[in-house]
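Presented below is the structure to which this report refers.
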Amino acid sequence: MNQNIDSLPSADVADYGYSSEKEAYLRRLKRIEGQVRGIARMVGEDAYCIDILTQVAAVNKALHAVSLGLLEEHIGHCVVNAVAASDEAGEAKVKEATDAIGRLLR
Amino acid sequence: MNQNIDSLPSADVADYGYSSEKEAYLRRLKRIEGQVRGIARMVGEDAYCIDILTQVAAVNKALHAVSLGLLEEHIGHCVVNAVAASDEAGEAKVKEATDAIGRLLR
Amino acid sequence: MNQNIDSLPSADVADYGYSSEKEAYLRRLKRIEGQVRGIARMVGEDAYCIDILTQVAAVNKALHAVSLGLLEEHIGHCVVNAVAASDEAGEAKVKEATDAIGRLLR
Amino acid sequence: MNQNIDSLPSADVADYGYSSEKEAYLRRLKRIEGQVRGIARMVGEDAYCIDILTQVAAVNKALHAVSLGLLEEHIGHCVVNAVAASDEAGEAKVKEATDAIGRLLR
């Protein structure tokens, strides 16, 4: 599956910023996926609620870290490039990024 | 300390409260696991950052819903049973639940 | 103003749990009010955005601490008393508390 | 380090972005200050915990809105200006903004 993805045309993709660290993100998301599976296993084994909630909090934290990494690269690349292109494009990208942050805050 | 509390009359796991809805939780966690895998796929395919962040926000929200469900059942069962057993046990369980909520708020 | 409040009939108020620590809560909220006023002052003096955001994060954190304190006492008193009164009352209070936690998580 | 960044051409505070809407921010913060005072009044009058928590959640939400407004203007002005000045300054500002977002997420 990964192979299919890696062979996709992605010539101009570097603009997205996170591309350079793609492997690192994929590893982190793999780990988060495993954590979620671990939570399901705990539920299946009737683990103690509080222990499950502790794991949920850990997944939240790991997802926050991923979000912040993506945001940092997004602002430093997409947003900055859009601003360089035109005021209008820049303003739209800044608004879009702030809306995304707002969804994460909720 | 946990052991004292856990050794209170609670012969079967049904006390944990969420057991009755175990299947529903497992389905929800399965879906969340799929969402996380979907995010990894997006990263692998160089999807647009903001679209990835939107998916991360959706996973956060789904995890919050799971947490609240677990908390509701935990408070209504474990905490309430502990309070019925003794003031001390009750106080410890209330503190433990509040600490768990604190970790979710962060 | 405080005097008016203190002279209100509050015979049965101890049930709310937080009453015993009312003075401590009032002090903490006074401090938070001062922090918010400080943020307004920073805006008025054109302080650096990031410094303002750091202060906003500090207020969020202080409010979280207040919320958790109130929740702990609420669960340990109101919820527990309601459960003791009747299953129905208990269930309603547990649901109400979980809904309140959900609003804090958002 | 901050000083290097701050000493970039930024003669007047208008660069901070939020200045143009200063009055609006001051009004919003005044309202939030009043909300916090209202919460203290509720505690003083032994209001019901859940009602107090609802007000705390409202203050959190109002502070989030202020944060997002400040962030939007900060990214659109300070960060973008820093990026235009130099790669180094830009990178530092993007990192600084992301760290601030991280503090808000917590």
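Think of it as A, B, C and D in the order they're written, each chain with its own count starting at 1.
Keep this in mind: a contact is a pair of C-beta atoms (placed from the backbone, for glycine too) under 8 Å apart; a residue touches a chain by one contact, two chains touch by 3 or more.
Computed from a predicted model, the values in this text were never measured in an experiment.
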| task | If we define chain centres by averaging CA atoms, which chain lands farthest from subunit B? Would you check? | result | D
| query | Distance from the CA centroid of subunit B to that of subunit D, rounded to the nearest Å? | reply | 31
| Taking each chain's centre as the mean of its CA atoms, how far is subunit A from subunit D in angstrom? | 23
| remark: Contacts with two or more other chains occur in subunit C at residues 67, 71, 97, 104, 106
| message | Thinking of each chain as a vertex joined to the chains it touches, would you call that graph a line, ring, star, complete, or other? | response | ring
| Partner subunit A, residues of subunit B touching it in the complex | 6, 13, 16-19, 22, 25-26, 29-30, 32-33, 36-37, 39-41, 43-46, 48-50, 52-54, 56-57, 59-61, 63, 66-67, 70-71, 73-74, 78, 96-97, 100, 103-104, 106
| field | subunit A - residues contacting subunit D, complex | value | 64, 67-68, 71-72, 75-76, 79-80, 83-84, 90-91, 94-95, 97-98, 101-102, 104-106
